[in-house]
Structures are given as C-alpha cells and as structure tokens.
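So the structure is just underneath, and the comments pick up after that.
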Amino acid sequence: MTEKTSPTSANISAAPQDSPRIAAGQPAIAGGEVRQAVIIGGNRTPFARSHGAYAQATNKDLLTSALNGLIARFGLQGERIGEVAAGAVIKHSKDFNLTRESVLGTSLDPATPAHEVQIACATGMEAIGGLANKIRLGQLDSAIGGGVDSISDAPIVFNDAARAVLMELNRARTTQDRIKAVLKFRPGHLAPEAPGTEEPRTGLSMGEHQARTTHQWGITRQAQDELALASHHHLAAAYDRGFFDDLVTPFGKLTRDNNLRADTTLEKLGKLKPAFGRFLGDEATMTAGNSTPLTDGASTVLLGSEEWAAERGLPVLADFVDFETGAVDFVDGKEGLLMAPAYALSRLLQRQGLSLQDFDYYEIHEAFAGTVLSTLKAWEDEDFCRDQLGLDAPLGAIDRSKLNVNGSSLAAGHPFAATGGRITATLATMLHEKGPGSLGLISVCAAGGQGIVAIVRGR
Amino acid sequence: MAKAPQTDTYTALVNQPLGQKIAGALGLPRPAVLRRYEPGQTLVEGSVLVLGGGHAADEAAAVLLDWGLDVRRQSAPADRYGAVVACYDDAGTPADLSATTLQLGAVQRKMGPSARVVTIFRDPLGSDRPAVRAARRGVEGLTRSLAHEMRRGATANGIVLGEDTALSAPGATGALRFLLSAKSAFVSGQFIPVSSDAGALPRDWEKPLAGKVAVVTGAARGIGAAIAATLHRDGATIVGVDVPAAGEALAGVVNSLAGTALQLDITAADAGERILAHCAERHGRLDIVVHNAGITRDKKLANMDAARWDSVLAVNIESQLAMNRVFLAATGQGVVADELRIASLASTSGIAGNAGQTNYAASKAGVMGMVSATAELMSPTGTAGGGTINAVAPGFIETEMTARMPMATREVARRLNSLQQGGRPVDVAEAIAYLVSDAAGGTSGATLRVCGQGMMGA
Amino acid sequence: MTPLSSSYRAALSMAAKDALVRRRRPQQLPGRTVVVHDHEISAELAARYARMFHRNGPVLDPTDLPSVLVHVASFPAAMELMADPDFPLPLLGMVHLRNHVVHHAPVPAGTPVEVAASATRLSPHPSGTTVDLVVTVHGPARVNRRVDDSVNGPTGGTGELQLLWEGTSTYLAAGVHLPAHERPATAGHPPFTAPQLTAQWRLPASTGREYAAVSGDFNPIHLNPVTAKLLGQKGMIAHGMYLAGRMLAGREPAGAGHEWEISFATPVLLPGTVSLGVVHADHCNAEVTTEVTAWNGRTGRPHFTGSITVPGSGPGQRSGPG
C-alpha cells in the first residue's frame, strides 16, 4: 500500500512557500487571471440494468470502484485531490457523506475533501461544472467530479403515517406513552414506500411527462426507434474499437454496459408496445426500447489546472469551457418537463458568442429518444425560438451525423447522477481525438423541469 | 495484489511433528518450507564455504566478504554452512573436478535448510578442446545431480561464465547474489550464463530497480500481479497492463503499488505504441518490459480448432514480437532506456511439451526462440544495442489456474520436482526482477527455469 | 361550535326517529342565521391540515390560512342548520354538488373571527332538491401592517369587522322532492372529453381517514369500504373538500383576494388514481384563471371540474419560463 501522509501542522505551515500557484501569480479569486479548467480523463463502471448485475452493490461500492479505476488510470495513489464532488439522486440517508466515505475507501490521500451534489439527472454535470469553476478561480488545482446511482440500493422508507407513530414512540418517555404509541400501529403502516421517478408536483412519471412533450412536438415512433437503434450501434462500435478502454473499468462480472443490444434492429424495436403515454391511445409512441431503463452505475471525471496536469505528466483532453443550468414551468404543462436544456442553451450560446452549428459533436442525453428529438425540433422551430427563447431566428438544425456518435443513454443506460460524468469524459476523449479547438456541446435534462448544458473544447 | 494461491495442505501437514513422523514411516515425500526473501533479510544464514583454486574462488571470497558474509575457504568440523560456492573455472580436464567436488560432498550434510550450492564454471562452447569442454560439461552434470540430492529446501545451481568474463563482472556477481539469496527459492538445477561485463551492481541491494519504469502485461492477477508487486518492492514504478475486461483487478493491483493502469488488449495493432505513449506521457521513460500476459486454450491437436490455435499464438508470442519491434525501434530516442530490459514468460511446457498444449507449447517455445534472437539485436553489436532480453520458464506454480486442476493431477504435478512442491507466483517474480535488473546485465537471450528442477523437460 | 361528529350523531338519531314516527319535515328553509362569535382556528389544526398537502402545498402561513381549512373550520356552523329538525332536507344521504368560495382577505389562525351560516335557494333538481349553505367569516379589518402598524396600533379588539371569506356549498338531497316544487326534466350530461393530462394523484386508501381526522367529517362513506357500501356507495370515497384542498394546494395567492369553485361529477373511489388536466387562461392581464379538470383515466368519466381565479397584479405563484 502507498504510504499516506496526513497533514501535520508542520507541512500546513510550510505549504505557502512550496505552492507553485502562489509563486506563479495570483489566482483569479485573489485578483489574478482566470485560468483554464482542463479535463484530464474519466472513469466509470459499466452500467447495469437495475436489479440485475449490481443488485448486491451499494452506491458506495459503485462510486468507490469508479474512483479506484480513475486513481489507477492516472496514478493518483496518495495524492491529495483538491476536492471530490459527486452525488446520488436516490440514496439512503445513512449515506449523507457518500462521496467522502467513498474517497476514504480509496488510496487517495485521506486529506482529500469531498462533498455531495444533487440536481437529479444533471448531478454529474453540476458537480463537474462547479469544480471546473473553482479551478478557474484558482481555488482548486485538481478535482474529481462524478455521480452514482443504484436503484438496486434504493432506500425503502416507512410511509408518513408509520413514521409519525415511530417518531412518537421515539419521543415517548414513559412505558405508558410507549405502549400508547405502539397501539397506534396499523397493518397499513407496514406498506413501505419505494422511491419512484414520479414528479412530486404532478404525480406523473418522467415518461408520462415526456410522452406529452413527444406528442406535442409530433415526434414519430419511427424517428424515436431510429435514434435508439443508432445509440446501440454506435455504443457497440465504440466498445469494439477500444474507445472505452481508457474510460471504463469493469465492475463485478460486467465489462460492458449490459443494456447494450448490439444486435437490435428496427423490426425488434418496432414490435415493442408503448410503455408511456397510454392516455394518448393509438398515438402513444414511447416504448421500453426508445426510453432508458432504470440503471445502476457510477462515473468520475478528473479535472485540473494545466500546471497541475503538466507537473504529473497527465494528459489534457479538453477544456471545460462553460455551463448553464435551466429550469422550466412544467407543473401545469406549460412546458415539457425535460425541455429546460432547450432554454439554457440559448443563454449559453449567447454568452459565448456561438451558434448551434459551431460544434463538432453534440452529446444530448437520451433520457428518452423523444427528449432528444423534441429538443432538436424546438431549436429548429421558429415560433418556439421567438416566443419562448426570445430569438429573432431559430437556433436551427444540427448535423445529425455529429450527434451522440459513440452512443448515449438509450444504449448505455442512465444511472441518474452518473450520466454527466459518462458524457463529459466521453466527449472530452472524442474532442481530443478530433484535435485542438474542436467544440462539443452537452445537454442533460433533469427531473423537476431542470437541465444543464455545457461546452467543452478539445485540446 | 495477487490472490493468495491455495494452500499446499500436504506440505503444511508434513511439517507438523506428527505429520513428519507419519510421512517418514510411509516413505512419503517430505517437502520443506522454503526460505523466501523478505526485505532486510540476511543474504545467507550460516557460513559460506568457497571451494576451488582458480581466480573465481578468490573473487567469490572477496565479494562475499564485501557483502558481510562469514566466508570460509576451508571446511572446519564445527561449521554449519548456508551456502557453498564451488569454483571450477580453472578445470582443464574432467580429472580436475575431483578435489573440489569431493570437498563439496564432504560438507553436504553440514548445510542448513534452504542452503545453496552454486557452481562456477566456464561456457563449454567457449573452448574447442575436448578435454576442456568435457570438464565444463561435467560440472553441468554434477550440478544437476547434486540438485536432485539436495534436501530440506536446499538447491544447487550454476553460473556459466563466458571465456573472458570474470566472476567479479557485475553480471556474474549479480547472478551469484541471486542464486545465494532466498529470491531463488524455487530455482534448482539451473544455470545462469554470464557472457559479458555489461551491467552494473545496484547502490542499494534492497532497491535494485530504483528510478526505473516497468511495464508488466497481464498484471491484473496471478503471476503478473506478483511480478508487478516484486518490481515495485525493488523500487520500480509500475505500469500495469491488462485487457479491459480485467480492469477492476488491474486497478486493485496498481493502486496498491502506486502505479498506473493501462487497459489494453496486447494483440491490438497499436499496443506497443500505446504502451510507449503512456510511459512517455506519464513517466517520461521506459526501462523494463515484462511480457507476462498469456492464455491457454488446451485441446489435443486432433480436436484443435483455428480459434484455439490462433488466439494462443497471437497473445503469447505474436503480440510480444510486435511490441518488441516498437520498443526496439524507439530505443535510444529519449523514452526507452538505452539499456532496455525485457523479460518474457516462457513455460516448461515449451521445453518438455505437454499433451493438450501443442498451441501453448508452440507459443512458449517460440518465446524462447524470440528471446535468443532478440538478444542478438540488443547486443552491443546489434541494431538496437545495449539492453537485454531473457525468458523465465515457470514449472508448477500455485495459481488460480492450477487451483482449477483436478485434485489428483494437481497433487502429482506438485511433487514432480526436486523440492517436492509447487512454486509460488513470487518465485517467478523474483527471477524476473533479477533478470530485468542491471545486475543481470551480463545475461541475455537466456531462459531461466523456475520449476524446482521439475522432471518435465529435465 | 358543535363538532361535526355530534351533528352526524344527531342527524342519525333524528333520521331514525323520523322513520319511526313518520314525521313530516318542514317545507321551508329556516330563516335563521347561525352565528358563532370569537371562533378561533387553532394553529395546531392549521399545521395538521398543512401536513396533508406538504408535498404539494406551500409552507403554511398562520396569518393567511388555506381556503379549504377555513371551510373545514367554519362549516360546522352550517351543519348545525342542516342537522336541525326544522331543516327541510335530511342530512344523511345529502350529496355535495358544488362549492364556490370568494376569499377576500387572509384569515389568520389564533385570532377570533365571526362565523355566520345560513341556508338559501331551496331548488328543485332532476334527482331531488338542492340547497345552498352560505358561510361567511368576518374578522378584524387588516390594514397594511407593514406600513401602518406603528401609527394605528394593533388591529382587532373591538374594531370593525371585515368580510374575509364567504363560501357557498350546494348540496343535493337525492330523491327528496318537495311538493311545492315542480320536478325539472333530467338534463342530458354533455359528453365528457378529457383535456390534456398534466398531473396524476395517487390516493391511498387512508386518504378519507386522514382528511376525516383533520376536518372532523367522519361520514362513514369516507372511512371504510364496508360502511361506504352499506350507505349505497360503490366503495369508500374521497371527501369532496379533500379534492378541493388538493386542487388548491400551491395555487392560492399569498394575501388572498381570489375566488374558486369546484363542481363534483362522480365520486373518487379510494384507493384510486385521479387524472388531471390544468389549463391557465389569462384575462387581459387583470386576473388569471386556472381551470382544473379531474377524471378517471381508466373509465374516462369526470370526477370534478374546478377553477381558481387570482388577481393578476397579485403575487403570482409562477412567472413564465424563459
């Protein structure tokens, strides 16, 4: 095992003299120049359909494994990383310090701080974006962002009524009070509540919400199935040519995402019955094939300043340029639940002075095929861009051959908080292959009518 | 870290007082518990007797004294020897072997457990004179037979000096130290040729690989993981390579050694380039390559299909040839060390053959062929001069793979060697660590067997 | 104020007595108004009410109680009228048809208010006879505290009372046809077309019991499938005012000044899932009306329709996206 050094008062006080950052100039937070935050690389576990290959694994197991793979890939044993930020959308309350606990289970220096982030399916993006900003400001030299989710490890909670009785029991001081509390138990109290993917304010699942959006934008079943097919074929091809050799470390018995169906066809996808939007009757188009399944998995991305990477001989794949979070009023159906990225993008492009066509690759998270296609259609739609985005002209169409070229969530699966890390590391690798200055766009929708878009530039 | 191989229950049993008695009464084999290397350990437990009247004996005595050992040139009745170095470098005819050999025999019972006999002689092919070559081959024969006669975990091996090579040459001194040490626990009846003055002795014998960057393929488990751990112990920075599917285990190994992991199928066309690029970017250099990755796809030849044959040849030998081409071409261009050290895993199956392993034996015999030819390329006069390449041929080693053998087969295979037990992955790793060290710089193109003097191919 | 449970008990025993002596009920509504002075809605009740909707509703503001809670706290006054032997319609078996509330100003908890209840508009209905119960809540006039507190001193006390809240609940006594009234022809139901689905409520079996515990309305049709069936229902059903409360949760403007109504079509069986469609209609920037339609997603039959109209300039719940 690597020797781990714990900070002593001696080396804390010695730090300022040793720190190259201070010597090199003021960090932006102290009045200096803003610097680049670079993406060094990533690592994730293969993603597994829930209640399957990872049924016995906890969120902590998965996140620790993803961190271990990253540490091994980049030789970070014993390294004090500036900060590790990750999160899980669905986690047990006992895992309040999930990321820190995971860090302590690795060979990173135990003096590496960690915190939790959570913005539903965009958790990974928020973790990475926030850390990138700290690096740009000079608050951090290195960071690891990521996320994990395991529906298989989801907490089962008592329903509200049972909880009320239990809390009363807990507060009871006398035996009499305790008996009184216990007598309040009813058989119905034992029915546990499993966490769902329902929106609390509407009671509708994400799929039902998207079914309405998909229908409103007139996205056909055929178009959705074609997108799903492309996702599977692209992901399989990427695995076959070793694209993921430096991005995925196996976990347990899995070496690839087990939702991947390399041999699926339009005919097979076409045979599936609609799974969402049954209220639409014959016009329902969303199936289990063109929607992501519940998935378990974890991902991590290593970020740093250029100097930090250079000092350690670490690769620089890309710059994390900027990101923007959006939210829409979906509650009474004014806007689709998963359409927030469409709004956030307009602001991000404006800020960076870019057009939608300036990108070499587009990574639009495939929560549902309908989400991707609705978003693309909205950007092409004159009325939407004028009325909702306040633009003179639509953002326009993208070159579809640049979309999700190494597959996305429909094939890989979607462990909510892990998707941002998967996409960021994948895109950074693609942009690095493409060459310096190449641009990539990330769009990730999230529950609660939110979403994050981000720009990554190849190095 | 490598998974602990299954315990050899039998060896444990016969080393208990009761088991010892029973095994003795029944005439069953009584394998000893071998002394194995630990950092800080005494090189030799007990005195070292140096026999012979040539230069080598004087040189040996000097170097052993330098190492702080209790050196004797004459045996005394009360002495207990941890090692005997028998020097035959001056033998001109078989009759010259007599004096030294009989002295050696006279002290054999005075040697402790896991003691060492090292014979020193010159390369038989180095002389055209029949009497000289006969004498030198004679030392080979007596060393092999003595190895069979050694008891209680003791071994006998030889160092074969080139015609102009002195025992004080770094390579010869390094070989002597390896064979005397507990690092050669499972090496017996073998010969290490030292044919040049190349190489250097380390400043610190505890960290002979300090500052070196070593690539180990197949590092995720078994022998590969043991090699990575041993090279790391000796001071090297480890680049662990294994197929992407073994990534989780590879990460575990590498993280325990503060190295870096490279998930890579070594049969990929760009495998050599990717390894080189990784070493260049992350570590700025490449000093050592250990070709450990290998597969078995056993079938009798009559039942062999193309997939089994081709995959074994592709992984076990073709990939090594392709990667070596890349490394040798890059030698001396900044990243790859001028004195690149390559070690490759052969197998006793490649020497003796083994039913059901025509493909495996072809690949492993191929490794030995490759090593001997590549050694010429890497010799100071070759096209990629300066470095060394050698092979290690393990015999029966207790690994996850051998643990899957049927119990009876395994039990027989274990005992079919002079040490009457299976070796451990670390025994192979120690031999590799020695061969990739600068102290083995005088040895190239050789195949060292780590087999406890197995009967197979003896 | 008489608790609802005792009103039910009284009504039950009266129904039994009526059946025994074949008493004829009066044909006219009682002219009297039940007035309850110094009625306080406790903060504890408000908290219990808020807990029912805590996943959807806003954070409870004890100075500005939810409309349905005001109804819950004041309706026993109307019950007193309905349970009276002089009331022309039998309380048991009455069907809640509609509610219309004008919520003029915030109703605070823990502050004495005056509740008045009267009955009006005894009207014939194809299935029986309907009656409107009008309840008003008056409270101390609330001037703008933030500005004038120090000038005017504390409000309340013996000061002028202001109308804070007025609600009209329409009930149908099914099968009761008063001789004075002509029986109107059965109007055909217009075919129901569900609007676009925007939400879904999954109501557990305990919904009725939970609402009963807060509202005091322990009508057996809400509590237990067996008693509900004995009383002629297909099963245990949700309280109408629970549905109204859930509809309003998170949609009432801070500071009141809004108006809402709900009309019930078919009962919501418990446990059950209700499909909802919400549509917003703007009226020339002056006010915003939200129309809510609830139906059974399986059968396609409507449960209720409702609307909430809030003043446009008021502190809206949300602004448009973008």
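When the chains are written out, they are named A, B and C in that same order, and each has its own residue count from 1.
FYI, a residue touches a chain if its C-beta (ideal position, glycine included) is under 8 Å from a C-beta of that chain, and two chains touch if they have at least 3 such contacts.
For reference, the UniProt names are A = Acetyl-CoA acetyltransferase; B = 3-oxoacyl-ACP reductase.
In this text, all values refer to a predicted model and were calculated from it rather than measured experimentally.
Both subunit A and subunit B are touched by no common chain. Taking the mean of all protein C-alpha atoms as the reference point, the chain centroid lying nearest to it belongs to A. Mean C-alpha positions place subunit A and subunit B at a centre distance of 49 Å.
Averaged C-alpha coordinates give centres for subunit B and subunit C that are 90 Å from one another.
Spacing of subunit A relative to subunit C, judged by their CA centroids, is 45 angstrom.
Subunit A makes touch with subunit B in their complex at residues 1-2, 65, 68-69, 71-75, 77-78, 106-107, 242, 244-246, 248-252, 255, 312-315. Residues 161, 188, 200-204, 208, 212, 279, 327-329, 331-335, 343, 388-390 of subunit A touch subunit C in their complex.
Listing the residues of subunit B that touch subunit A in their complex gives 240, 244-248, 250-252, 254-265, 268, 281-284. Subunit C meets subunit A in the complex at residues 55-56, 194, 196-202, 205-206, 210, 250, 275, 277-280, 290, 297, 318-322.
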